[in-house]
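As written, the chains take the letters A, B, C and D, and residue 1 is the first residue of each chain.
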Amino acid sequence: MQPEQKTDSVMQRASEKEPTPEMIRDQELFREVGLSLEEFKMITHYLGRLPNWTELGIYSVMWSEHCSYKNSKPLLKRFPVDGPRVVQGPGEGAGALDIGDGQAVVFKIESHNHPSAVEPFQGAATGVGGIIRDVFSMGARPVALLNSLRFGQLHHPRVRYLFEQAVAGIAHYGNVIGIPTVGGEVEFDASYDGNPLVNAMCVGVLPQEELQKGVARGKGNPVIYVGASTGRDGIHGATFASEELGEDAEEKRPSVQVGDPFMEKLLLEACMELVKKNILIGIQDMGAAGLTSSSTEMAAKGESGMELDLDQVPQRETGMTPYEIMLSESQERMLLVVEDGREGEVQQVLDKWGLQSAVVGRVTADGRYRIRHRGNIVADIPVNTLVDDAPVQYRSGVEPAYYRENADVQPEKSLSQVDPVDALKRVLASPNVASKEWVYRQYDHMVRTSTAVRPGSDAAVVVLDGLDKALAMSTDGNSRYVYLDPREGGAVAVAEAARNVVCSGAQPLGITDCLNFGSPEKLEVFWQLEQAVDGMSEACRRLETPVVGGNVSLYNESKGTIHPSPIVGMVGLVENRRHITTQSFKRDGDRLFLLGETKAELGGSELQSVIEGKVAGRPPRVDLEVEAKLHQGILAAIRKGWVSSAHDCSNGGVAVTLAESTFGEGLGAEVDVTSPWDPIVFLFSESQSRAVLSIPPQHGDAFRQLLEEMGVPCAEIGRVTGDRLTVRVNGQQVIDTPVQDLRSIWEGAIPCEMNRSSTN
Amino acid sequence: MRFAVPVFPGSNCDQDCAKAVREVLERPADLVWYTEDSLDNYDAIILPGGFSYGDYLRTGALARFSPVMEAVAEAAEKGKLVLGICNGFQVLLEAGLLPGAMRVNDHLQFRCSIQTLQVENNSLPFTACYKQGEIIRLPIAHGEGNYYCDDQTLQELEDRGQIAFRYHGENPNGSVAGIAGIVNRRGNVLGLMPHPERAIHDWMGSRDGARLFRSMLQYWEGMYGAA
Amino acid sequence: MPTMKSGPVWEGKTVYKATITVRLKESVLDPQGSAVQGSLHSLGYEEVRQVRIGKTMEVWLETADFQEASDRVDAMCRKLLANPVIEDYEFRLEKGA
Amino acid sequence: MPTMKSGPVWEGKTVYKATITVRLKESVLDPQGSAVQGSLHSLGYEEVRQVRIGKTMEVWLETADFQEASDRVDAMCRKLLANPVIEDYEFRLEKGA
């Protein structure tokens, strides 16, 4: 066919209500769907004519930040993505790493921030549903879920409502589908008052030969649509996610989607059966930008074209236009490509699970993306212009003034006079540090009977059926540090995630990340993004944990910009179940060791936040060489069977590390240390690369010798005993409190806040 | 002794139950699709937890009309052991194989935690390996475990020793009289909200659930010999 | 209406809409109602004396006549839509979409 | 919608009962309704064309007059009882327990 003939045959308008191509141009209607004049010109150039409304919609979602990463692509290139274990790096639904025995772990994290700000229950629930589809569309059996959450201050009733509903939504989806939610993290800060963050991570496992890809290949092969029917829900969700939450966020409410975890459970089982039968050429979920992004990406990856007939698409509302069908983000839908003639086999499996399906198109060889509706061609676009040729923005950031001003702040001085017991109680009562049981007791964290370390320890551990191995996993990110110094903060996020995994007895393998930032058009925000990516990259290189996938969520602004919040999802491998270690003290009489060096680092600390109500100064620095040595030392000791408990030092410093270790079994500790610092600094400094380990008395000496040989600073600081936490610093008793008192404060803080009413 | 684990659309503890039978008892356990209408080849049935039919309408309400439920009723009638765990319990209530009904937890939240229970009657086919009055720990994970029955039914349950387990200490869902699990009059059908299959190894946090399965095997061997 | 078959009359059948209300029996404690009442109080609605929560179901069905529709809906309620152990139901039937 | 005008209040308060119906907006997917519809079909009720499931709430409250009761119930709905993002509500108010 000649291009000119085709242009003639593309319908200009699918409905009377749609603007004509000329109107789009003359009235600059492209701006309404988030495209710039420049981008509109590019589209016109690629098509060789004016786009109609449907085509414009398709470009707008495919070129949105959410799908095209137009602002972040150049930065993502800086991440290390290779390594001996990498089976699948960024570019598919999820990344995959070799875990031996022919198996791979498949995992990814994704944001659902904007939908959760508008409708927290469904927004969070559909976020979980989406990330699960990303993992099983790779052919992997999902085995665990995690999440990372950011909310404003709990004294606002609306914030309580958002928090309560988002947690309930996450719980609902995971519980119903039957995948344990084994971990996560939550931070509270005023910067999230109007813009909460909801990131969900899913981890799956598969035999490597069953790894699937999202490709469409083979001219004439059928494209099969499976799952829920398409409605008008979520239209323009991808664009919505790529804009600031303005005053009109409320009006964008129709774009809220409702999740059906029951449907997804059926879809999951059906897809697992199809994978086992080995009949799929390609499979991809319909996530952001729905049918449009799944089908175009499959065609682009397969270097093919595709022709879709929208009349075949199952629809649950009448009179939907091509624009609406293409851009709908109805949930629980999948797109499959199979060999011509094997539709029947697919059908059989789908029928068993009671899923509706339809052949909605065919793979073509001409690189065109062609859509039919009621017999007319309503879009005809070169596929690669949607996916590979999406415009990219190159920017460079500007260092914000606050960063310079913070250089002079010295919180160590202003905080040194605080009473240690009072400080400990206030830090333990801070919702950032307080027990998150209120959250995770709503998650079924035991279904699948593989959870060896339940939520509440440094990392969760999930055992693998039939193998002696286990997977440790954790999500981390300290947004205050990143705000104060994005480069350090980015590196710390990776280091802390790895440290958590190590303290559980695992070798860190790799990460997935979610970059939650404000508007990249603000050059200070872009600077934060750039710096954070550099810090994370550096840490990933040094700790040998490549980035195998991730997600970017920009434009997180409502009343102001959120704290820059890169989240790291780390997966580690426990070689032998005997190595699984948790943070609670186990035995009276065990010797206590503090590994690592304590410096006077209170910038961005929990202590500063609860006492002074501010985030200022420089955050703790991380020396990646030191960090790596710490990991090796802890793992070596664990593998020798010498470690009763291991808990890293993070928010709230050594004081919180010690207190939290006593809570599990109610076993107290007597600690006696010498330190160059004031007691308050020693106790609450958040210096990196530290952990507290308890060691049975008979192994203590050998342990210390091993760690010293490995170059890890190692101080014996006391022992596990009784039911009080007692701490002497430089001969002065600074804490002597019953564990039970501390525990009630720590356990009660969030439930107590949440018992107050909330409103939507 | 051969176990069947019926699978409804939305069941999600089916594999866990089968695995528990294999690991604790070393006996075969088959997953049986909900469209099956015969369970003649099995000696015991475990209705698994999960969200059959999404728990839509009422928990267990839609599953009870599956063909396999007629076979379950038949098996119960014949005196075979039928164990309903969590959603399985809810299905048994809806199917009328056990008295009462389930309401949403009194605090309205889903609750997952390891809970202490008291064994109220150890003379049942499901509880013989426990001591009378023993305090055990089993995980729960449900949003609707708030068992209800009227006063007369409760009195009957008490009088006839049909209460198998009661929550000890905290009542995690508001159930009447702290009931965690009940049997039918004949004692061969047990429904309970806690998950014994999630407590069979120390690394799971408790292994008190293993003895429930052992009790079933012991009972069966007592009836039919160790085949 | 998304999944509904076209016009109201089709092969001699009529579309009826049943609006069914299912309530917990009065003797059954309603945990949701109590919780909502608690929330209303703490939001400052202290004048609230009691709250009971039930379900409302709208069922569109196509039958020969009103009587058949009514019989069928009643049967659906008895069999599936309400649980007689703890719930009561009532319904209203009207003609048309 | 209530239309009664409030009269002068001479003495104490009156109990009103509000019957509130909360439904999913028409454009919002109702997976529960679809599942119930599927079950009704497989139970032989093939005449069912669509099912939508919502909530009904009965709230008893004690206020000075009808108008106040009506205003307060409306506020409760907006603030707590209905989720305006995905649900619509309506209510009926009557006097007496």
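Note that in this section contacts are C-beta pairs under 8 Å (C-beta built on N, C-alpha and C of every residue); 3 or more make two chains touch, one makes a residue touch a chain.
These numbers were taken from a predicted model, which means no experiment stands behind them.
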| item | value |
| --- | --- |
| Pair exhibiting more inter-chain C-beta contacts, B-D or A-C | B-D |
| Subunit B-subunit D separation of Cα centroids, rounded to whole Å | 37 |
| Separation of subunit C from subunit D, taking each centre as the mean of its C-alpha atoms, in whole Å | 12 |
| Intercentroid distance (Cα basis), subunit C paired with subunit A, Å | 41 |
| Gap in Å, rounded to a whole number, between the CA centres of subunit C and subunit B | 31 |
| Multi-chain contact residues (two or more partners), subunit C | 2-3, 39, 43, 80-81 |
| Subunit B: positions in contact with at least two other chains | 53-54, 56-57, 62, 65 |
| Residues of subunit A engaged with two or more neighbouring chains | 231, 260, 262-263, 316-317, 354, 759 |
| Overall pattern in which the protein chains touch one another (line/ring/star/complete/other) | complete |
| Contact set on subunit C toward subunit D in their complex | 1-5, 13, 15, 21, 23, 33, 36, 39-40, 43, 45, 47-63, 72, 75-76, 79-81 |
| Touching residues on subunit B, where the partner in the complex is subunit A | 9-10, 12-13, 15-16, 19-20, 49-51, 53-56, 109-113, 139, 141, 143, 195, 197-198, 200, 203-205 |
| Subunit B-facing residues of subunit C, complex | 24, 27-32, 34-35, 80-81, 83, 85-86 |
| Subunit B partner contacts - residues on subunit A that touch it in the complex | 168, 171-172, 175-178, 260-263, 265-266, 353-354, 440-449, 451-452, 454, 463, 577, 580 |
| Complex contact set, residues of subunit B against subunit C | 57-58, 61-62, 65, 93-94, 99-101, 103-108, 146, 148-150, 174 |
